[in-house]
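The two complexes that follow have subunit A in common; it is paired with subunit B in the first and with subunit C in the second.
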Partner chain A sequence: MKIKSTFVHLANSVLPVLLAFLIGGIIIAMLGENPLDTYGILLSKSLLTSKGFLTTLHYASPLILTGLAIAITFKANIFNMGVEGQMLLGAFFSGIIGAYLPAGMNSVLAKIVCLTVGVLCGAISAMLPAVLKAYFKVNEMVVTLMLNYAIIKILEFLSTGVFRDITAGYVCTPTIQKNAMFSRLGSSRITAFFFIAVAAFAVMYFVMNKSKLGYETTAIGKNPEFAEATGMKVHKKILMLMAISGALSGLAGAGYMMSEKFKFTLDFSGNPGLGWDGMLIALLGAHSPVGILIAAVFYAALKTGADNINLYSMVPKEIVAVIQGLIILFLSIKFLSENSVTGPKIRSLFAKLTNRKAGRENK
Partner chain B sequence: MNLLNSILYDTIYHSAPIILCVIGGIFAYKANVLNIALEGMMLIGAFVSTLTAFFTHSVLLGVLLAILASTLFGLIFSFFGVTCKGNVIITGLAINLLATAIAGFVLIQMKTSNITLSYLNIADLQINIPFIRDIPFLGKILSGHPIITYISFLGILVMWLLMYRTKFGIYVRVVGENEDAAKSLGLKTDFYKYIAILIGAVCCGLAGANLSTERLGLFTNGMTAGRGFIAIAAIYCGGGSPTKSAVYAILFGLARSLAVNLSIYAGPAAGLFDIIPYVMMVCVLAVVSIIKHKNNKVRGFQYE
Partner chain C sequence: MSIIQTVDLTKKFGDFTANDAINLSVDKQEIKCIVGENGAGKTTLMNMLYGLLRPTSGKILIRDQETVINSPVQAIANGLGMVHQHFKLVHSLTVYENIMLGTEIKKSKNSVFVDNKKEIKVVRELIDKYKFDLNPLDKIEDISVGSRQRVEILKMLYRDVDILILDEPTAVLTPQEVDDLFVNLRELRGQGKTIIVITHKLREVMELSDSVTVIKQGKVVGNVLTKDTSEAELAQMMVGRDVMLTVKNEQNGPVSGATAYQAENICTINDYGKEVLHNISFSVKKGEILGIAGVEGNGQSELVKVLTGIMKTTKGKLTIDGKDITDKWPDELRRNGIGIIPEDRYAQGLCADMSLSDNCIAGYHSNPQVCSKAGFMKRKKINELRDKFVKNFDIRVGSIDGSVGQLSGGNAQKVIIAREFESNSKLLIACQPTRGVDIGSIEFIHKQILAYRDRGNAVILISSELSEIMSLSTRIAVMYKGEIVGEVNPKETNTTAIGLLMAGIKN
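Showing the complex of A and B:
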């Protein structure tokens, strides 16, 4: 039974991806390119070469964190759509602190300070919707979405005004100090931030699967009134979960700032943004930590691959955004459910076939 | 006086697309489907209308195709959300992402970052209503808007009639309030949900066409800037009543118009004025929720 349910889970994650790739392939074919070649470039350059794979892991690090940030709240049926904003806030302020730190500071200390600032910013900004949700029953989805726009506008204001690096030819904040940057390991692009992300993953794995809080999260997600009736303090749990979610988002932003971007630009998080990517990853991984880890790597592979298809073929990399949208669309429905109609049907079909075979052999 | 005038004019101007989204989204809300795809439907409407108008030089055709495109998105949304019983929030998010992705993809193919209708003079699309425009103060505020703006304000009345004075409206509300009861009466619940979502899609298509082609003659990706979500917030605040929710939509229009008009006087802090509408929406939502639950004496935690 266990095997069957994992199989169903796996099929529900893999089928949408395949279907989305199929439709994406049709679009590529309509552009007059060979879809198989394009997908070949997409995957081989990002997963099959060691350098490409390390780049993929590098890009996967913030995605693992935002994916976990989404998953922990979605699991409790709280829709924290503000991961994007919290991530940007964490990134911005860790970047600002990183830029104004004394240059001679101990490099480990500098990194710790920057990361802490990022984590705190993320967690604190997640508190407002959490308090509104827990104590005043304000719909958290709308609030977090609105705050996303507000945060983006504020950061735009700050980075074009007060904190603008005047020496640069475009809008950005000053570059962070050398001692706050994560240096690349060897010739690959991977940095120590990847290991921090993996450590955070390990902690979250423990929290979500083995701890009391993880159990309570699932209980609240299934039925908050029952959870309250059995003695869980749902208000406090909501605050705690949102704080964790915000902290993870902030960490993702700070780490991305210190390992990849080094300064805050207006397109810091790319399109559609690390927070939104995190949502796809959490869905793809069915809100389980291990699933998220795999999904994040797969997703980062798409990202690195997208840059490569831009280089090696005529297909624009925006096709990947279309494929992502399709993946989410197909993920919203369950292709196979654990007690679906198709499962038994297929089984009965197999049973019939084997019976017939058996019958033939008997004859 | 001049400032007040332009603030009020802009209030109507900025309210229109949101009112359209609100009155569209209300039917889905009443049918108990959380339609967060409003944003995406509006964006695809904006995109298709400008794209069509760009190639065919016909604004009317642009508006029609915009409605068609957003209806198509509405169909996808309802197929996945209603027929396949998927998670509507995730489906809605997917629609939003898809709309941005498709627009971005086509823009890249056209090798531009935005579509500008250079042949179009926006002033030509503004309609001056005879008699009303001659009223001293009000004339300048009420007259001189593009046609969809007028449609949006008329739409409030139409939607109110449709929801509270027709059989169809009653059926939609029954489906939303108690689906099992509706089924037991022999109502085709899925059918009413489909129609509710599609009404929203048509309105969003209009809103998109209003936003891009009619008002600016320009499309840039992401130009809807969360208006769909603001509409959802307005629906929540208004508790699903067309008139009340429309009032909140106008309130947002006012905030936006204040932000635009006052930022001229703000100097370097002008950028900060853009956050007024979003922050105000959060405050309004919070206040409304607090008032609604003030006399709630239920012990413990209640979900929604």
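Showing the complex of A and C:
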């Protein structure tokens, strides 16, 4: 029973990736390049060299956090689509604080201050939809989604006006102070932020799998009436989960600011954005913390590998964006489910194929 | 002459027989009431007639013609229309637009424009013809629930049906609206329509119908003309089953005389603002079982919800051992020593998708035995608890790590029983503890409840099985229309007397 459901989960995450690579391979072949060579570069440079792997881990750090931020709410059947906005808000204000800190401040303290500001901004901005949902039954999906745009526009206003760094030739906020920056370890890009993300992962692993809150989250997600009748105060849990989700998002933004960007620009989060990537990662990881860790590293590997594709082959790096898009497309299909019609059919097909193969071998 | 007839109509869902060889016959131009408790199979039967469900076996005859109905469209084509309990209307559209939805009158045959003027005229004629009180230009969101129901009925009438099925039509209506509905229905009968009404409100049956069919546990148990029967007789047919309960009810423990639990003047309103509980007062002593009987739909569900903390009171006070617990959350009630067996085990009692062990601690998951101070669950302890429950309560499981969804109804109920009995509670609120449970488990559960009482605890037993209430209770309170209309001692009374009380007839 348990093995079967793990198999289904695994298949539902791995099949979309394989299919995306398959179709991506066809496109590469049409460009006149060898897909296997290209994929070889993509994965070996990002996962199999120590420098590449550490860079991959560096880029995975914010994705682990945004992925967890999505997963904790989805598990309770609440949809925090505002991870992107919460992340940006956390990033922006940790960047502002970081820029205006006294230069002589203790560097550990400076980092703690910046991270705390980021976490608080994320958590507080998640409270608005949470309160509306818990006490006024307003659909949180709509509110969180729309708030992203409100936040983005407000930050645009702040970074082009009040907080603009006038010495720079483009729109950005002042660079954060040296003492608030995470320094790189060795020649790779990895910083202490990665370890903070892993620590957050460890905490969330225990919260989601071993704690009372995790237990109640599952119950609320699976049967809210049951949760209410057994005394889990659902509206309070909604507030708590949204706060955690917002805090993780804010932490992701602050950490990315302090380890990679050092100033807020209008394209801070890239395209499609760390929050949206987090959603894909949560889906890919089937909302389980370990799955998310793996998915985030894999996703970051694509990012790191993309730069190498440009360097070592004629394939444009945009192929990675194509593959990512295809993964999203195929992820929306449930290939196998424990009680669907197609699940057993596909499984019996596999069984038939393996039997035939075995039969042939016996002959 | 019967206009619609079923012959040995049977519907099975897996192993469960929802309708067992139903033979129903409805005469032309009569109002037929089909009565039975929730889960008796009334709605299944009607859904088969309306083409929403396919019968497993048996035949449906319409106007003496054997007819296969595969969809509501076919049912309507055969002159059969249904008005559901929950209306299917578009709130932002007007009355006439809702009636015409899907059959709009076009300006000309191939035009894409709707002829609104003509539509309004047609609807107005329809309203006048059946003497309904409606304005075709009102929006659905602006009109009362009773008017919405009339729109639903008109929707069917416009489609030229002559047999009209109404599923629990009075459930959401105020008394005045009920009267209006009955006037309308009689008018329709006068104009040659046949009407089938599904209900469990006996007073309305007596007032409205020409004949009654009583269904119990998927079988027809009675076919009577309304003028030859009484509410009391119908109530007895609906609930008084003749299953012999083998449990011997002898008081072994002491009745201390001390009040364990008290309810004073409890009132509450439902989502529609209707008062569903009115000045309910009772008390339960230690070592006593208070049975609460009544035909379903007379406020028992709401009472249970109020007692178990998932519905708020508008007035009144609840106390346990003198401590005020009015409107407290379920977790606080459980902390105060109240065990709860909820009415719907898969909605409020268990989570079918969660594991057996997770379900064994639900409601008690903050208990220091299973949850550390830091908020982490003690998995090992929880699994030990689960194993203890499985052993002591003989819960038959396929896979011990599997979900509760794999268990049969009786075994799932045992999980709840184990959880609520092993929690050192002082008072048990047991609602329909044996509904849908096999005979063996019924006996087991009854024995457990009696043993619980003998340990000096109090029990409130709410059940629509009269025999269950009669054999277990120390005292029986009878509910009718949201009020307690009487209290009897089961040893000094019989089902007929209780049946009268259940029908609201005081002697």
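Just so we're on the same page, the second predicted complex is superposed on the first by the 337 of 363 C-alpha atoms of A that agree within 3 Å, B and C clash if a C-alpha of one lies under 4 Å from a C-alpha of the other, contacts with A are read in each partner's own complex, and residues count from 1 in each chain.
Quick note on the criterion: a contact is a pair of C-beta atoms (placed from the backbone, for glycine too) under 8 Å apart; a residue touches a chain by one contact, two chains touch by 3 or more.
Just so we're clear, the structure is a prediction, and the values are computed from it rather than from any experiment.
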Which holds for A:228: it touches subunit B only (first), subunit C only (second), both, or neither? both
First (subunit B), second (subunit C), both or neither: which does A:213 touch? second
Mind telling me which of the two, subunit B or subunit C, contacts the most residues of subunit A? B
State whether A:322 touches subunit B only (first), subunit C only (second), both chains, or neither. first
With the two complexes superposed on chain A, say which partner A:267 touches: subunit B (first), subunit C (second), both, or neither. neither
Have a look at where A:154 lands relative to subunit B and subunit C in the superposition and call it first, second, both or neither. first
Which subunit A residues come up in both lists, the one for subunit B and the one for subunit C? 225, 227-229
Where on subunit A does subunit C make contact in their complex? 1-2, 206, 210-216, 218-219, 222-223, 225-233
Subunit A residues within the subunit B interface of the complex: 31, 77, 79, 132, 136-139, 141-143, 145-150, 153-154, 156-157, 160-161, 224-225, 227-229, 234-235, 271-272, 276, 279, 283, 316, 318-319, 321-322, 324-326, 328-329, 331-334
Quick check: in the complex, which residue numbers of subunit C touch subunit A? 308-310, 329-334, 340, 342, 347-354, 358, 362-363, 365-366, 371, 375-377, 379, 399, 401-402
Touching subunit A in the complex: which residues of subunit B? 36, 76, 80-81, 84-91, 93-95, 97-98, 100-102, 104-105, 108-109, 225-226, 229-230, 232-233, 236, 268-269, 271-272, 274-275, 278-279, 281-282, 285-286, 289-290, 292-293, 300-304
